[in-house]
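So that you can tell them apart, the chains are marked A, B, C and D in the order they are listed, and the count of residues begins at 1 in each.
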Amino acid sequence: MSDLYSLTPYVVLAVSALASTIAVYLAVTEKDLIKAVLYSAIQSTFYALIFYLLVVPDIVLVYIPVAVGLLPAILIIAVKKTEKYEDVGGVPRSTSIIVLLSVTVFTLIAGYLLVVSHAITFDVFPSPDARLLAKWFLATTLWWNRLFSSMSPEAVTAIVWDYRGLDTYFETSVMYLAIIGALAIARYLDIPRKEYREDVMGMSIIGKMSAKIIVPMIIIVAISIALHGHLTPGGGFQGGVTGAVTVSLLIFIFSVYFATRFFKINIAILLRIIGLAGIILSATIVAIIGFLIGQPAYIFQNQPKIIAQIGLPYEIGGNLISGTLLLFNTSEFLAVFMGFAILFLLLSIPEENVLEVIKGEVE
Amino acid sequence: MTVEYLVYFIPFYIVGLVLYILRALKGPTLPDMVLAIDCMGYVLAALLVIFSLYLRSPLIIACAIVLTLWIYALDVYMSKYLEKKELGE
Amino acid sequence: MIDLRTYLFTVTYIAILVNTVIALYGIFVRPNILKKIIALSIFGDCTFVYAIIIGFRKAEPYPEIPIMITQQPSQEYIEHFVAKAVDPVPPALVLTGVVIGLAVMLFLIFLSIQTYRLFGTLDIRKIVKMRG
Amino acid sequence: MNLLNPVLTIIGYVLVGIGAFCQVVAGIGMNRFPNFFVRLHAATICTIGGSFVPIIGCSLIALSIEELGVTRFFLAGAGFVTAVFLLILAPVGSHLLAKAAYFSKAAVLHPKAVDLLEEDVERGEIRE
C-alpha cells in the first residue's frame, strides 16, 4: 500500500512525459500550421502536469496561461492572418540528417553534463538532499528574526521580489519593451469607430449570456490570486494573466466595439504606466522613507537589515502583508493585465485597415 | 489516512486521458481535435484536484481553476478561427 | 537494486531530452517562421523542465511545496519543512524565464505578421531572396 | 463534526468512483463514435460526469480530513469554485465549437439520416 502510494505520482510523470514526446513529434512534423499549434497546446498541457507533480505550483500558475492560453491564442490569430500551410519542398535530405545528428549529440552532452553537475548518479535520481542555498532560503522564509527573514511564508515570491528584486524589475522592463515594440509596429493604426449591434456581431446568445455571468467571477479570482501572492501560490503576474482572459473573452465573444466601451488603448496604456510606477515605488519606498528620516536604507529593501534598521511593517492588525510584497503584487497585476489588454486590442484591428495604412506608408 | 484509497481510482482517469490523446492525435478534422483537447483539459483539472488531495498539499489546488478557464478560452479562440467573420466582429 | 521510482524518473528525463532534440531539429530545418516559433517555444519549455528537475528531491512519502502553512512556525516545524520541501530557487528563476520567453515570443509573432503583410509569404527561403 | 466525517468520506469516494467510470466510458466513446457531432455526447459525459462530479467528491473528502487543519477549507472552497466554473463553461464551450464547426463545414457529417437545421437554414428561418 505504502509502495503503491509513493509510486503513483512517478508513474503519472513518466506517462505524461512520453505523451508529450508524441505531441512534440507531431507538432514539428505537421504541415498544417493550425494543427501544429494544437499539438503544441497538447504538449503544454502535459508539461503543466509535469510541473504540477514536481510540486512547483507557482510555475504551473504562470505556465498554464502562457503556454496553454496566450501563445496558442496569438499563434491561432497569426495563422488566421497569414498563410495556413507550410511548404517543405526543397529541403535536402542530407541536410536534415546532418542537423538531426549534430543536435542529438549536443543534447546528449548537455543532458549528461546536467546530471554530472548535480553530482548524482542514476542510482539515486532525484537526489534526496537539497543544496545548502536552498536550505538557507527555506529556513529563513518566515523566521523569528526580521534581520534575516523576508517575513513571507511563500519562499518563491520572497525570492522573486525580496532576494532577486533587480532581476524581476528588468524582467518587467523586457515585458514593457515587447509591448512597446508591438505598439510601434501598429503605429498610425486605431480601432475603427463603429456602433456595437447585438444581433449581428459576436457569437451566439448563449455564449454572450454565459460570458456576462463569468467575467466578474474571473476578475475576482484573478484579484484574489494576485493579492494573496505572498501567502499562497500566485502573485502579480499570475493574477494579471488570469485576468487577461476576460479581455479576450470580451473581444472574441461580443466584439471589439463592445470591448472599447470599457477601455480604449490609450486608457490601457495609462493604467499600465501607473502599474509600472507602482513597481518603481515599491522598489524605492524604504529608501525614500530612510532619506526623509535621515537613516541609512537600501533600494529594493523590504525588512530591516543589520546596518539599515528601518523597514516596512510585516503585518497590519494581525494580517501578514510581508512589507513591499503586497504593493509589488498589486502594481504588477495592473501592469500585466493592461499589457495583455493592449495586445489583444491591437490584434483585433481589421486586416483591411492595416493594409491600407501600410500601402500609404510604402508609397 | 483515508486519502490513500484514491490510488485505486487514479488509473481510470489516466486511461481516459490516454484515450482522449489518441483521439486528439488521430484527428481527422479540426473540431475533433479541439473537442479531444477540451476533454483532456477537463480530465486534467479533475486530476489536479485529486492529486492535491492525494499528496496532502492543499495550497497547490489554485492551478485547477486557471486550467479550466484557459481550456474554455482555447475553445472560444478555435471557434472564432473556424467562423468566417473578421476577428474583432 | 534500483528503486522503481528512480527508473520512472529517468524515463521522464530521457523523454524530455528527446523532446529537446526534436524541437531543435524543428528550429533549424523547418522553413516556415511560425513553425520555427512553435519549435522555439517547445525548446524553451524543455529547458524550464530541466531547471525544475534540478530542484526536485526525493522525500518520504512525497516532497512538499516551498510554502509554510502556519504563520507562527515552531522550531520543529521549520526543521521538518527544510527536510521535506523542494528547492525554491529554480522556480524563482524559471518564473523570470517564462515571462521573458513570453515577451520575446509575442514580439516575434508580431514581427512575423508584419513580415507577411510586407512580403506576402512566411517562407524564410523566399524572404531571404527578396530585397526590400 | 466528528460524526459527519465518515459520511462525507463515503459520499466523496462514491462520487470519485462515478467519475472514474464516466471517464473510461467517455474515452471509449470518443474513440468509437463515427463523427464529430456524435462525439459531443462523449464529451458531455467526460466534462460533467467525469470532471464535475469527482471534483465535488474531492472537496467533500477534503472537508472530512481534520489533519489538514484550516487549509482543508481552502482545498474544499477552491474545489467548489473550480466545479462551478466547469459546470458553466464546459457546455458553453462545446456549444460554441459545435456551432462554428457546423456552419463552417469543417466537421464531416458522414453517416447522416436527416439534417433539420440545414432545411431550416435553406428556408431562411434561421441564419448563421
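Convention: contacts are C-beta pairs under 8 Å (C-beta built on N, C-alpha and C of every residue); 3 or more make two chains touch, one makes a residue touch a chain.
Computed from a predicted model, the values in this text were never measured in an experiment.
J.: Select the chain whose centre, defined as the mean of its C-alpha atoms, is least distant from the mean of all protein C-alpha atoms.
T.: When every chain is reduced to its C-alpha mean, the one closest to the whole-protein mean is A.
J.: Can you identify which chains form the pair with the largest number of contacting C-beta pairs?
T.: The chain pair sharing the largest number of C-beta contacts is A-C.
J.: Taking the mean of the CA coordinates per chain, how far is subunit C from subunit D in Å?
T.: It comes to 30 Å between the two C-alpha centres.
J.: State, to the nearest whole Å, the distance from the C-alpha centre of subunit A to the C-alpha centre of subunit C.
T.: It comes to 12 Å between the two C-alpha centres.
J.: Compute the distance, rounded to whole Å, between the mean C-alpha positions of subunit A and subunit D.
T.: 28
J.: Distance between subunit B and subunit C based on Cα centroids, please, to the nearest Å.
T.: Whole-Å distance between the two chain centres: 20.
J.: List, in ascending order, every residue of subunit D touching at least 2 other chains.
T.: Subunit D, residues with two or more chain partners: 71, 74, 81, 85, 89, 92, 96, 99.
J.: Where in subunit A do residues touch two or more other chains at once?
T.: 5, 9, 11, 55, 57, 79, 81, 203, 207, 221, 232-233
J.: Do you know which subunit C residues sit against two or more other chains?
T.: 62, 64-65, 67, 69
J.: Can you check the complex and tell me which residues of subunit B touch subunit A?
T.: Those residues of subunit B that touch subunit A are 4, 7, 10, 14, 18, 21, 24-25, 27, 30, 33-34, 37, 40-41, 44, 47-48, 51, 54-55, 57, 59-60, 62-63, 65-67, 69-71, 73-74, 76-81, 83, 86-89.
J.: Please name which positions on subunit A make contact with subunit C in the complex.
T.: Subunit A reaches subunit C through residues 2, 5-7, 9-11, 13-14, 17-18, 20-21, 24-25, 27-28, 33, 36-37, 40, 43-44, 47, 50-51, 54-59, 62-63, 66-67, 70-71, 74-75, 78-79, 81-83, 86-88, 90-91, 95-96, 99-100, 103-104, 106-108, 110-111, 114, 118, 122-131, 133-135, 137-139, 141-143, 153-156, 159-160, 164, 167-168, 171, 174-175, 177-179, 181-182, 185, 232-233, 237, 320, 343, 354-355, 358.
J.: Residue numbers of subunit C touching subunit A in their complex, please.
T.: Counting only subunit C, the residues touching subunit A are 2-6, 8-13, 15-26, 28-32, 34-35, 37-39, 41-42, 45, 48-50, 52-69, 71, 73, 78, 81-82, 85-92, 94-96, 98-107, 109-114, 116-118, 121-123, 125.
J.: Can you name the residues of subunit D that touch subunit B in the complex?
T.: Touching subunit B from subunit D are residues 9, 13, 16-17, 19-21, 23-24, 26-28, 30-31, 36, 39-40, 42-43, 46-47, 50-51, 54-55, 58-59, 61-62, 64-65, 68, 71-72, 74-75, 78-79, 81-82, 85-86, 89-90, 92-94, 96-101, 103-104, 106-108.
J.: What residues on subunit A touch subunit D, complex-wise?
T.: 203-204, 206-207, 210, 213-214, 217, 221, 232
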